[in-house]
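Next up: the structures, one after another.
Paired with chain B in one complex and with chain C in the other, chain A is shared by the two complexes that follow.
This part shows the complex of A and B:
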């Protein structure tokens, strides 16, 4: 499933003194199979955009028609077969295909046991009432892929787990219905460095085996550089750039001008460039180290 | 003078739960201490013990020469303010100035004095112009600054920040760090900053690493971050730059274990030319 947004705009509290234009003519395509990153400041429109993708925020068709009269470009938003600007779209089916993990998802755990919590989404999205055996199997599978031992945690209260474990349970509760696209809003925020690394490894496991496409919103440029195939930079409700990290993080001046950070590897490359040494890497730690060590070989 | 002194402090969350045994820890007046440690290492327990939210099972906790006990708890709490992680959980009123006044009102501060303190606290965190704003409409960083102002209005001598920047974006984080630095340098408030971010810990006078309820490393922050092997034993990730320089050395490039990208580039340039 591809995500295609064209000329997408959205205003909160329209026609009121509190009107805020959160999205302004956003055009963006996410291909199937990508590990896609979304970057931008708080208030840049990232979350508003992401919430459109499973229909939590809708651009009403009436607005679409009125826009057409004003001769402005038609807004469209499609996710695979689903036309999200169409009221008649089956949003339940859409939400089954597009899983959404919010920021700090562990605050949304609610059930008495981990098993019930994870099963909730599965039961909701099942086409016919699943048997207990089916539920158990799906829950165990989901817990295993997020790196938890079902035998150990399934019967426990989710509130007795550590912060990192809670977050995994919350992610398991979303991927249990096997969405094709998984969207996560700052999946690693607030965790300690090792916890962050574990969550990113987990997302790569899910990306290969469960969900074809993964979209993450992140403030951590290192995270984007290490993991993403492409990243979109949001600023003032618009997509300023949408490039692979290799090209994106060469635009140091532009990113700094937007008040954004750059990955550590890009900082070192920049400092090397000032000293007359150019390293052409994709800004992952691995590639940076390989290319830097190759410099030494070349001189010898 | 010691701002906070833990002597042989014991604490446990009950049978089989997390426990602290004979913990000794001091913070000097005016000092800026960073506390590091993986999740569950006891950092927050330390913060909660220091202002009496949790009660020690044994040993003594002394705050500015006053040993903490049931009778002086409220007096001591006025001196030690704590700011927590989630900005949304720490605001009580809907208007900024009411929220800042809340703590001071609760301890019976006279009305005129509260007015002055709101002014002082809001200007210390750079939020004067938001005095009459609605709390719910502020950004995370702004809300967290209001939370800090609410603590400041109590005129504490020590401020403990328990991962107060963890939920903020980079801009919000910078706002908080700037405020904390100026409180420490200008207002001479003693600061204990619990954090996972290396950049923040590097600003402190001293860093302390906790593991399983014990203090396992102490020293100048830059020094601590260079002790790679030890950090790994305590389940702390190496700073990314440390990891890169280490692997370059393993690959045969003689670079130093600096924490500054520019210096690392300088070293690499020297090695390859």
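This part shows the complex of A and C:
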């Protein structure tokens, strides 16, 4: 499933003193199979955009029609077969195909046991009432892939787990229905470095066989550089750049001007460049080390 | 921040917005008294005139004001219908069994409906033009005399302002949790009553947990800053009376006086 957004705009509380233009003519395509990153300053519209992708925020249909009359560009948003600007779209089917992990997803846990909580989404999306065995199997599988031991945690109360574990349970609760596209809004926010690494590792396990496409919103440029096939930079509701990390992080000045950080590898490359040493790497740690070592041999 | 139905402050700069909240509260009380003192349509017309002036001076759009009325449509219609049919008057216009419509009944209903509308619009003008913080400040200040009998006025005001402050936060939070559960396929619309009530559980539990967590955090934060309540506290924004308040004071006084005069000289409409 491809995600295609064209001329997508969204205003919170339109026609009131509280109006906020959160998205402004966003054009973006995410291909099937990508590990796609979305970066940008706080308030740049990242969360608003990803919530569009499974129909939690909808562009009012009337707006679409009026726009068409004015001959200004038509807003379109399609995810695979689903036309999200159409009111008649089957949003339940859409949400089954597009899993969404909100920011701080551990705050949505509610059930008495981890098993029940993870099963919630599975039962909701099942076409016919699943048997207990099916549910148990699906829950165990989901818990295993997020790196938890089903035998240990399934019977516990989700509120007795540690922060990182809670978050992984919450992620399991979303991926249990095997969505084709998985969207995560700042999945590593507020975790310690180890917790962050674990989350990224589990995303790699999920990407591919389990969920074909993964879209993450992140503030951590190292994370983006290491993992993403492409990344879009949001600024004030618009998409400024949409490039593979290799090209994106060459635009150091532009990114810093937007108040964004750059990966550590890019920082080192920049410092070395000032001393006349060019390293042409793709900004992943592995490639950076390989190129640097090769260079060292060459120079001396 | 998100706009919510409650605490509907409308942020523009106007004469009415700048009036001291204490005076606005007193004026609202005076206005309610005036509405109930008014015994004929002239009195109500005077009240309506004053309210119209307030609405115009406040620069709150008329649509907003009318939206406040929409909330009480049912109450108003219900009152009107009951009174039209059951008021016992002399001039019967139409009758059927125990129901009858009389001229007096019609007049009385119209009167009642007007009263309710004026009341609702006037009170919502208070919340449209006054921030919740200013409002609680005003209430605290007006209740100061109760401190002499050791009534915890400050605590009461604090509780009120925290409650008001938390309404938009919790409503945002509800929206977020609801969206998160919707993304997991929760269905809040279809099904019978039992199913709908059960569907609320996945929202309610996280919401309660988050409310308790926030309350805890707020309490800790207040302790950490050595909050001790009323004693030795100064105010960042001191309330002061200005020429605006004098005008409002006189308008309020004149309204009551006018209504009383109209009541004495013109009598009741029915």
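Just so it is clear, the second predicted complex is superposed on the first by the 299 of 300 C-alpha atoms of A that agree within 3 Å, B and C clash if a C-alpha of one lies under 4 Å from a C-alpha of the other, contacts with A are read in each partner's own complex, and residues count from 1 in each chain.
Everything below uses one rule, namely that contacts are C-beta pairs under 8 Å (C-beta built on N, C-alpha and C of every residue); 3 or more make two chains touch, one makes a residue touch a chain.
Since we're looking at a predicted model, the values are computed, not measured.
Q: After the match on chain A, would you call chain B and chain C a fit or a clash?
A: When both complexes are placed onto chain A, chain B and chain C end up clashing with one another.
Q: Looking at A:163 after the superposition, I want to know if it touches chain B, chain C, both of them or none. Which is it: first, second, both, neither?
A: It touches chain B, and chain C stays clear.
Q: Does the superposition put A:121 against chain B (first), chain C (second), both, or neither?
A: second
Q: So, does A:177 touch the first partner chain B, the second partner chain C, both, or neither?
A: In the superposition, A:177 touches chain C alone.
Q: Mind working out whether A:96 is in touch with chain B, chain C, both or neither, as first, second, both or neither?
A: The answer is second: A:96 touches chain C but not chain B.
Q: Looking at A:275, would you say it contacts chain B, chain C, both, or neither? Reply first, second, both or neither.
A: The answer is first: A:275 touches chain B but not chain C.
Q: When both complexes are superposed, which of chain B and chain C contacts more residues belonging to chain A?
A: Looking at chain B versus chain C, the one contacting more residues of chain A is B.
Q: Now for A:51: first (chain B), second (chain C), both, or neither, which partner does it touch?
A: It touches chain C, and chain B stays clear.
Q: Stretches 9-17, 27-35, 99-107 or 225-233 of chain C: which one clashes with chain B?
A: That would be 225-233, the one stretch with clashes.
Q: Enumerate the residues of chain A that count as touching chain B in its complex and touching chain C in the other.
A: none
Q: Give every residue of chain B touching chain A within the complex, in rising order.
A: Residues of chain B touching chain A: 38-40, 85, 139-141, 163, 166-167, 169-172, 196, 235-237, 240-241, 243-244, 247-248, 251-253, 261-262, 264-266, 268-269, 271-273.
Q: Which bits of chain A are touching chain B when the two form their complex?
A: 41-43, 104, 162-164, 189-197, 219, 222, 259-261, 264-265, 267-268, 271-272, 274-277, 285, 288-289, 292-293, 295-296, 299
Q: Spell out the residues on chain C that touch chain A in their complex, using ranges where they run on.
A: So the residues of chain C touching chain A come out as 1-3, 10-12, 176-177, 179-187, 201-203, 205-206, 209-210.
Q: Please give the residue numbers of chain A that touch chain C in the complex, ascending.
A: Going through chain A, the ones touching chain C are 12-13, 16-18, 51, 54, 56, 92, 95-96, 99-100, 102, 105, 107-111, 120-121, 124-125, 159, 173-174, 177.
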